[in-house]
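Encoded as structure tokens, here's the structure I'll be asking about.
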Amino acid sequence: MIKKWNFPEDRFFDPDASQKKIAMELYESVKDLPIVSPHGHVDPKLFSRDSKGFGTPADLLIIPDHYVFRLFYSQGLPLEDFGIQRKDGSKEGIEQDHRKIWQRFADHFYLLRTTASYSWLAYEFKVVLGIEEIPDTENAQNIYDEIQEKLNSPEFKPRNLFDRFQIEVLSTTDGAADPLSIHQEIKNSEWKGNIIPAFRPDAVMNLGSPDFKKEINQLSGISGVDIIDFKSYIQALESRRRFFKTMGAVSTDHAVVSPLTSELTESELDRLFQKALKGESTEADQAAFSGHMLNEMARMSCEDGMVMQLHSGVFRNHNHMIYDRFGADKGCDIPITTEFTRNLQPLLTKYGNDPRFTLCLFTVDEYTYSRELAPLAGHYPAIRLGPPWWFNDSWNGMSRFFDSVTETAGLYNLSGFIDDTRAFPSIPARHDVWRRVVSNWLAKMVVRSFIDMTDAFELANMLVYQQPKAVYKL
Amino acid sequence: MIKKWNFPEDRFFDPDASQKKIAMELYESVKDLPIVSPHGHVDPKLFSRDSKGFGTPADLLIIPDHYVFRLFYSQGLPLEDFGIQRKDGSKEGIEQDHRKIWQRFADHFYLLRTTASYSWLAYEFKVVLGIEEIPDTENAQNIYDEIQEKLNSPEFKPRNLFDRFQIEVLSTTDGAADPLSIHQEIKNSEWKGNIIPAFRPDAVMNLGSPDFKKEINQLSGISGVDIIDFKSYIQALESRRRFFKTMGAVSTDHAVVSPLTSELTESELDRLFQKALKGESTEADQAAFSGHMLNEMARMSCEDGMVMQLHSGVFRNHNHMIYDRFGADKGCDIPITTEFTRNLQPLLTKYGNDPRFTLCLFTVDEYTYSRELAPLAGHYPAIRLGPPWWFNDSWNGMSRFFDSVTETAGLYNLSGFIDDTRAFPSIPARHDVWRRVVSNWLAKMVVRSFIDMTDAFELANMLVYQQPKAVYKL
Amino acid sequence: MIKKWNFPEDRFFDPDASQKKIAMELYESVKDLPIVSPHGHVDPKLFSRDSKGFGTPADLLIIPDHYVFRLFYSQGLPLEDFGIQRKDGSKEGIEQDHRKIWQRFADHFYLLRTTASYSWLAYEFKVVLGIEEIPDTENAQNIYDEIQEKLNSPEFKPRNLFDRFQIEVLSTTDGAADPLSIHQEIKNSEWKGNIIPAFRPDAVMNLGSPDFKKEINQLSGISGVDIIDFKSYIQALESRRRFFKTMGAVSTDHAVVSPLTSELTESELDRLFQKALKGESTEADQAAFSGHMLNEMARMSCEDGMVMQLHSGVFRNHNHMIYDRFGADKGCDIPITTEFTRNLQPLLTKYGNDPRFTLCLFTVDEYTYSRELAPLAGHYPAIRLGPPWWFNDSWNGMSRFFDSVTETAGLYNLSGFIDDTRAFPSIPARHDVWRRVVSNWLAKMVVRSFIDMTDAFELANMLVYQQPKAVYKL
């Protein structure tokens, strides 16, 4: 039985008539605001002169999206069947026929109902691609044809879609040794899309990586700094940050298992650094170095004004069988308990009062919201709370976030929405969920007389548009 | 003032009219489905040829139910007053008059208002027993008479109640050395009630127990395997699993303090096992052995297809005064923080991808739902999430569960409802709460346009009836 | 644009008409009940014969309230600008002009919208002070004048406000060595306000404090016990408890980082105590001693009947820069993960069954509610759960509390509301939030048929008035 998408104007809003009326007025006032996207993982090549575009429907919606194929895998469907490429490059057993991949996706699409991915895909099908029917076994190939035709049309070239989405600014995430040549090419082009880089030095800070020496060599090469000790290493990082800033970067990004921060002496740092160059780092070395380097990054942010983003608390590549065959980012990263109060104290007591410093905190452990994150954000001038991240980026996840942090931290200590996605067509879908949740939540506050309508209109605009620009100095 | 039970058709549903209408339609479609009960602790003797039946009203509703007398105890009423038997068999100070026990229960029944037990008892009084009045001081003895009369009637013989409850299958929980003779007797009888055993080897896996040697001897005796080392121990366990399977068992059950899993070498295992036989195990030995044995159980489940159930995170017998006087299961088991991501990783990375394996996870630490359990279930094909367990088996507990896990894990990675009760008359009451919460929650999703009515009818049926049968291969 | 406070009768209630009608009936029945305030930090000097009164509007609402200035600080406004006094007494850079402080407060008042402080201040402005307008840049000085005029009037003398607030009893919190002379003076006066002390011996139990020796000397002096060893130390504490009881105290209060409890031997205790007098305590000494002393306090509570209050889980003075300049209680205390099940077990298994003992537990870690606190309170006769504390003392914080604990612990194991404030004018505001949340939550239970209206009226009265009197034996 073929079914059509049901997309009433009031979707996602609580049903009470008085509250819904307010929510709809608020949503009306923010739904067409430009998209500000200060952090994400879209590949800038998509917007380069010789962009290959989006490829097939499977390339667009399935193969790159671990949020989606993860769920099929959890129901016993092999990743090979969805065209996920093997780490070793072997194509054996990997489905190459995108029509077959698409058919499987449509056959099992019903499994996704009630997930966040289902709500984003609904928007992408209906609003972005103009597909009226919900994919299933029967209509799969017709929908494939319909989407492919659109993807081949000029309207669906990435730059045109970027413009249609009204993206005011989009930040990518880039390694410390990245030459940013694609960013330069886009800057030089006639196209006016505002795509900026973000500085993510994880690879050159991870002492324990087998590639550490190689990464440092690349950093040395591109920075022109001969990295022979901790001091020259820091100089090279500072040099790259300066370069990123000239290219428009406004932020740095740091992914760590634990948000531990600490201060080591220069001689200890040098010892750890030299050990790492010889490939002899222990896990303890790595953790201690990482703790110090977060402090170092905070210092540099005070000096150069780049917003520091901290993403912590994920056990990456939990499933060795999947990691060994398919590599990273295949849906088997699992959150762990995260502790902020004690771990961030050394950094915060030193830099958290500095008016030049902004630290955006992200967590996949929502059970820190009211206990740690809201009280920290409600005191330290440097802290802003990123929106619900990853598994929490959803209607309920956002609703719980607002209910849990705002009474203690207020709304002005939030960063506004960040989509953090590598799936470009999901960007407007994700921002739309935020706009709807913001409207619904503020309507809840109005109808209970915590705030009035004037407040609500102001705060909706702030949370959707002004705040991310202010926090990220855009 | 005597009050009557208020049992409107729309009880437990959110009040919004549009949502409630949908919830009632959904509930109407699932309320009369047969009960599938794949895990619980009802004593099979209740259904044997020479069953003693339910006894007095106090035997039925008070004395065996630690969910209930726990609450009276917390308000300062001694357990002795409710006829709870002492561990040493002494009757001194223990109330023997069931009418007096019943009177105390009725006198203090008001203390239970707003608890989950109150909502189950309401159903048991009103629907199961046909009692219209809420027990209080005044009507206590009349209600006692009324119930006793019913319990003496043929309609209230356990087998007849089983049939009236429309229980399609009921699993008990049985020790590894249990001969399952009652199960055999029920199979052999003319009665068609489907009661199956479940394999729970905790007693023969708990190295530190003072009875370990005795338990192993029993296991040896019943399995016919001469248990002299770790290898023969494993053979005996495998042999018992085969026997349980022939008796209809579809699952195993494991209660551990921490869900730690690990792999030890055979020589290390043998050393730990021999030490235990001599009664010399340390706590560390016990923890290490338990971690390995979970892995071993996962391996066996891959081989024999029995669903592995894991119940962890409870500090048993927290109150020594109560434990010393009354023994286990007296309401003083208290949950502790539980960690799944790191602890289960060794087991999952090895067996979690096996299509033959199903692992049902239960927790009394709801603060793992969105952080750990939903992401794990949304990736590993083996994992299914059990419903809210024990203290979380309640209207709010279930509502939070759906709100917290479904956006990440979807609905198809849940197990459906499991009542896990030893209180037989509470079974329909508990399943009714699940059916009402499922209907209410799906209605919430429909009225917000996350899914449509066709989806909702399908998913309600799935969550109430199809899913537990599919997950437990019934 | 000047805006007026919007204070409809139904504020804070959920919008569903059927539920709201019930909520309003319930609220109507409890809104005018006397205030029972069994724990807080109001300075008793406010009510002494020579009370200085409330001072300026800034003295009343800004300078003493770290809940408020914390939020301005988090937005980059220096504490100096709000007249917060420095630890060293220096006035350099500290704003002394209260009109300027008030202007800044009004200029930035919009930043507080949606916080708990905003809802309390709304009540204080509108109901306590009769100010119709919401403070902003424009009306700031007019409002200042209006408030100052009121504060100068007899109606706003503290004793008169106490009477107007209908406070039946107010407990202060007082050091073990406090002579309670102000309390004595109030008792002796013609004024009938019932202000009682509470015994808080933290300063004389904190081995690691640099002032420990000094504190012990004071304790020795006031108790008349020559404190030379652990035994005499205990005698001095017991003597002070007796004195506090004669002065009307009904409770003790203990602030600890972790709720660890333990039992040490007398010789070990003596060794730790002697070390502390020499200023040689380690952190481990301090933790062990604190663990034992909680047990000791439980024993004394069994003997003298004083309710034991335990506040744990806060990392005090997290921000060294603020602490070094301004001292304690400046908004930089941040919660940490708290563990009750294991930590309290030694104390509970020994004293938790004693009918003479009441232990009120408070937490800023709400992620222990359903896992630990509700199961503990639903079993041990001694335990009562304090209401949501500090950062959780808010509309959502309270709503989550009721939803998380009541199904397991029932309502009779709660303590009722405790305002725990040092901001006297916020007392009726805080109690009003509780009364509204209680009414809203009970209405939610009625409209879903968990309880009926008779139950709800009874329970509302119990939660607002009877329960705190019963629990605190007032």
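In this document, chain identifiers A, B and C correspond to the written order of the chains, with residue numbering beginning at 1 in each.
In the analysis below, a residue touches a chain if its C-beta (ideal position, glycine included) is under 8 Å from a C-beta of that chain, and two chains touch if they have at least 3 such contacts.
Just so you know, these numbers come straight off a predicted model, no measurement behind them.
The set of chains in contact with chain A as well as chain B comprises C.
Copies chain A and chain C of the same chain sequence form an interface built mainly from non-equivalent positions, shared numbers / all numbers used being under half.
Work out the mean CA point of chain A and of chain C, and you get 40 Å between them. For chain A, residues touching at least two other chains, in rising order: 16, 367.
Those residues of chain C lying in contact with chain A across their complex are 1, 3, 6-8, 10-16, 70-71, 73-76, 110-116, 118-119, 315, 318-322, 331-337, 364-367, 391-392, 394-397, 400. Those residues of chain B that touch chain A in the shared complex are 16, 18-19, 339, 341-342, 345, 348-349, 352-353, 355, 367, 370-372, 374-381, 383, 403-404, 406-413, 445, 447-452, 454-455, 459.
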